[in-house]
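The structure that follows is given in the form of structure tokens.
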């Protein structure tokens, strides 16, 4: 079996985000073999390619290059995408920049209970929820669908990603004080 | 416009054979430009690639490599044994209580695109799609198999069918839909 | 520009959003001092929220408590500072504001239909073998419907009214000074007898603290939770 080729076919046919772990299990190969194959495909589907390979945490999907959407829409109908409320937008932003993140961590940043909003985002398929052995609570991360709607193929392309992602404020109060005092 | 990249995006999303002449016309470029772009793509989608570019007379399409079919089918089969996601379950619920229903109507209620989910439910055999003279678009309803799995012989036997079917909140969404479609 | 109009017709996504709006309205930077300066309008807004569910109110109350602690500390610098590290409202607010700002950028991207990337939609081939998903049952189906209806419920927006009339600490101080002119001693219980809201009680207490700070009065309280007696110096 040519793993790169099979993986490419599976991603092409699936039409939706797939779990890298599950792919490895289903194809009965090791996780690192799948990861190597993904690296090979990343070389094929470069930035200027008409098809992008989007990898977000454990999820992977082939999608069209968002820069070509204007032309693509001459051939297919546009997708339905409902606007987000202010609270949903804020929560989605925190998850995008700080995910994987637990609910109390999100609430710590927003200063307000987020249970209902997270549930709505979850069911609209904009965030993923999963159990993580490192945390006792479920953690949340942005879905590839949300990335598609935002028109970026890599989460690090989000505005100010690096600084907001790595800003450790609130995660550790001591560090926070150190950061502030050196500024 | 990068014709190779745009053409690749269009073929990737279209999922069906497209006429080369029509592509040239839609993108407002010459036939030879499209043909040159296709040549470039043929170099990318080689024989061992997981995706093949098939050109037949005036038609062109991206398809999965037939050599990988066995693995792809195995993967898809394993996928189907899994739980429905929350989003799939909700879509199925809307189809169950509101069917026969069109895709835009479902999307209006759920507030999110349902194309991929509906497709998955269709493949899993849980919903049926058919053309209906009353609607211009295909309509969806629960399949006989789905009813069998639920242990009911008729859709009206679903819990609280009457009240949920005609729930005001869902009816309101329908009105919104009508308003939108007249715009 | 139209700041004043905005704050009155705005829907707040939470207590931090409200705090930011109040600071913006006064064109103030985020600092402990500026935050404690908007304590009164914040409390007044809370007062207008009385009808809202306890769950939603509690998040506002947490912030209100922090604000009151900040405020009382600014009035009584000698207050026990053990809990200082636990407030950090200004830092929380600064981080929150960064997320709000970037969320506006994401919103623009979200609304830009021309940038949505598409997946490939494979032609539908019905499975030869139809299996029942484990979680597909009458129960899960009706539960899912109930949840959906809950979601379709129009959101109970927090009241958009923003009460203009704020009982300020200054007004209270003036009133107390007047009462102290007439009587040498005044009971705190009596001071708040006519209070029409919880906010007014809190503001009255803050006014008392302010008067102590200004060395205008001394307090006497014989037992915990007992009445407080104010006397002029």
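Labels A, B and C are assigned to the chains in the order they are written; within every chain, residues are numbered from 1.
Criterion: contacts are C-beta pairs under 8 Å (C-beta built on N, C-alpha and C of every residue); 3 or more make two chains touch, one makes a residue touch a chain.
Note that the structure is predicted; figures quoted are calculated from it, not measured.
Colleague: If every step must land on a chain the current one touches, say how few steps get you from chain A to chain B.
Modeller: 1
Colleague: Return the chain pair with more inter-chain C-beta contacts, choosing between B-C and A-C.
Modeller: A-C
Colleague: Taking each chain's centre as the mean of its CA atoms, which one is most distant from chain C?
Modeller: Here the answer is chain B, farthest from chain C.
Colleague: Can you identify the chain nearest the overall CA centroid, using each chain's own CA centroid?
Modeller: Centroid comparison flags A as closest.
Colleague: Which integer distance in Å separates the CA centroid of chain A from that of chain B?
Modeller: That gives a centre separation of 22 Å.
Colleague: Suppose each chain is reduced to the average of its Cα coordinates; what separation in Å results between chain B and chain C?
Modeller: About 45 Å, centre to centre.
Colleague: Taking the mean of the C-alpha atoms as each chain's centre, how many Å separate chain A from chain C?
Modeller: Centre-to-centre distance between chain A and chain C: 32 Å.
Colleague: Going by the contact rule already set, what residues in chain A reach two or more other chains?
Modeller: 12-16, 62, 64-65, 67, 69, 72, 76, 79, 81, 123
Colleague: Among all residues of chain C, which ones touch two or more of the remaining chains?
Modeller: 118-122, 147-148, in rising order.
Colleague: Could you please specify the touching residues of chain B with respect to chain A in the complex?
Modeller: Interface residues on the chain B side: 1-2, 4-14, 18, 26-27, 44, 48-51, 62, 64-65, 67-69, 71-72, 74-76, 78-79, 86-87, 90, 104, 107-108, 110-113, 115-116, 119-120.
Colleague: Can you list the chain A residues touching chain C in their complex?
Modeller: On the chain A side, the touching residues are 12-16, 52, 54, 61-67, 69-70, 72-73, 76, 78-79, 81, 83-87, 89-90, 92-94, 96-97, 108-113, 119-120, 123, 147-153, 158-160, 164, 167, 169-170, 173, 176, 180.
Colleague: Touching residues of chain C toward chain A in the complex: what are they?
Modeller: So the residues of chain C in touch with chain A come to 11, 13-17, 55-56, 58-59, 62-63, 85, 88, 91-92, 94-96, 98-100, 102-103, 105-107, 109-122, 147-148, 151, 155.
Colleague: Which part of chain C faces chain B closely enough to touch in the complex?
Modeller: 118-127, 129-138, 140-142, 144-145, 147-149, 152-153
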